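In what follows, structures are represented as structure tokens.
After this come two complexes, each holding chain A, first together with chain B and then together with chain C.
Up next, the complex of A and B:
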């Protein structure tokens, strides 16, 4: 099982465009992927409604979990999606 | 085209407006000039909550309901994606992101699970969809302010899916390939996010007054519009109509010749209008600066293209809407500076934040329940309660104007008496704003304009609210359109009193309400002593052309004639008889 802690650097948090890209990337993954706020309950990373409902904001840390051969590559993509707008922050 | 059964046809351009509902013609309030002809396309109304009901309960029923739910959600997602692509093709990438996120909501796996469980338990597809959405709705509504705004998006997805399952029209503006006339009970801002001005040739609404969102949107887009039009809601989809946004008429099943005549008059007007350029002035050279009403930096280009000499009303609310905290000083300063820099030789009149009533802000909640918000703590009254918001805005404006050649004027909304005018002027002085002014929207302020004038440097008459308060007629209630008419002689009297008080004290007196956009009324206002006119950018060219064809003396005679009338219609007719060149422009 591969797990990654990601700090949200995008100003809008895990909402709007970052959330859409994150969920799209998760949906492409062949395995189950979950995401949770640090210490919170994990939710399905392929569900836009669950991800939005988590309400992860700028500066918070999330934990993404995936299992399987290409898990690391999937986590790389997801981490990039989370902070896609961090550059202009 | 086959002739229908003979029916009395209203004489196009006849002076007596046909009564509403007379054969072939509907009459409402013309709120955005121009002529448009095309088939009716209706905006579907709201989608009801599906009744709690069960299906037959057999495995076949479960499969059929499940298949229906899945198909409906997939169709909704595909439609939203397609709308997003069209919005992006039209340059609106922001709308595409919202629509794409909505498409993802429709295909959400968690939502699908929730629907499947309910259908498995015997619930019908429509009800199962409704209930499954409700779970997420509650979750999002309970979270932060950003998510609360997403609830609207979620509800829209739900309504689209439920409408498909119940066989109801999908809410919103349907997709058409040919130009059409958009007909609705009233248009919500959400209905219009993906409207293509090249496709919508006119708006017609059953409700909404001359200052409703539909009217303002239509003028901003430069599309002819008739509002408060009884019978509009009964127009059948596809019916050909001819809309005259100046006369306020909707001709049903017009003859080809009639359409051609109307379009050619409209074209003549357009060419004469295009020929008038330069600063606003009467025929005999009396200068009347023509300014634009804007909502922010995005409107500056249209204002410059329409030849605006400056900004007569910068509505700063848009910077403050949909957020939980006020914009930072730096953000405000940047937005203001962008606007100020666009008019190096002109002036920009900024209205201090006008919150409350129909424009509530999350961080400036009303202090308590207001049974009558239009008469409550709004405008300057609200700013006096939150002086830190006012001083931050004035400070940002002063910094934004520093070093620029533009003349910055700042005015307070909803001022009633001397104490308020004085307090606002003092706040401006403290912030380093040199030219404070006040809006005249409250009849009390108009009646005692002579007392208010020494406190500030200028007046700007907000005719929309002034009319609403003078006639005690809510702006959003279509049934009261007759009373929301700035031609009401009582309103003209109030404007006259204000302009006279301004002239006596050598102050400017502008008009920044929608009345300034009515070309005939613009002449009357100048005749009453108004010194500048501010309006939506698309209205500027026609007003400029009409002013340039009349002398100041003619405008004054028209003003006297209008004030001598005993009704709004009489005032129009009386003014028209003194303004001979209106006919040249087909008005």
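Up next, the complex of A and C:
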């Protein structure tokens, strides 16, 4: 099992636009992927409803978890997706 | 089957009419959008169910079938940090379709240089799950925008 801690740099948090990009990236992963706020319950990273419901805000840390051979690569992509728009949000 | 109601009155423009590529390309999910009539008004719950997310500029209501509908009031309105929006419901509350959830003024949003176009999106839905999707014409608040099977 591989885990990645990522700080939300987007000023708007992981909301509609960044959340959609994140969930699309997660949906491409061949394995189950979960995401949680630090200390919170993990939710399905492939569900936009779950990710919006998690409500990760600017400055908060999330933990993304994936399992399997390509887990590290998947986590790299998801980490990039979380903050893809951080500069211009 | 979930009947999703228009949260605002106005001109239906479809998701393609949302000036934001992530919504316009249905990356958030399938649905449609309404260019709201200008002037002070109340955006309503599109379905009956639980308000699982209540931001000033956006809310999500999940119905008894587990269908979550996102209503996003205007584009880049998150930047307003709630200015110009008055919340009429709280997160976790059970609401009925048609119940006012947010008081706002699309004309003010527009005057501030942002689009008030309101996206209504079926979350975690395949495009094929929606039918009778309105893409154009005038719509009255509380009348059907699409069905979700």
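The criterion applied here is as follows: the second predicted complex is superposed on the first by the 88 of 89 C-alpha atoms of A that agree within 3 Å, B and C clash if a C-alpha of one lies under 4 Å from a C-alpha of the other, contacts with A are read in each partner's own complex, and residues count from 1 in each chain.
As a convention for this text, a residue touches a chain if its C-beta (ideal position, glycine included) is under 8 Å from a C-beta of that chain, and two chains touch if they have at least 3 such contacts.
Predicted model only: the values in this text are computed from it and were never measured.
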Chain B versus chain C as contact partner of A:2, first or second or both or neither: neither
First (chain B), second (chain C), both or neither touched by A:21: second
Contacts of A:49 with chain B and chain C, given as first, second, both or neither: both
Partner chain in contact with A:84 - chain B first, chain C second, else both or neither: neither
Touching partner for A:36 - first (chain B), second (chain C), both, neither: neither
Overlapping contact positions on chain A, where the chain C interface meets the chain B interface: 12, 15-17, 19-20, 24, 47-49, 52-53, 55
Touch list for chain C against partner chain A, complex: 20, 22-23, 27-29, 52-53, 55, 58, 60, 62, 68, 70, 72, 78-79, 123-124
List of chain A residues in touch with chain C within their complex: 11-12, 15-17, 19-21, 24, 47-49, 52-53, 55
Interfacial residue positions of chain A with respect to chain B in the complex: 12-13, 15-17, 19-20, 23-24, 43-44, 46-50, 52-53, 55, 57
Chain B residues touching chain A - in the complex, by the definition given at the top: 97, 100-101, 104-105, 108-111, 136, 139-140, 143-144, 146-147, 150, 154
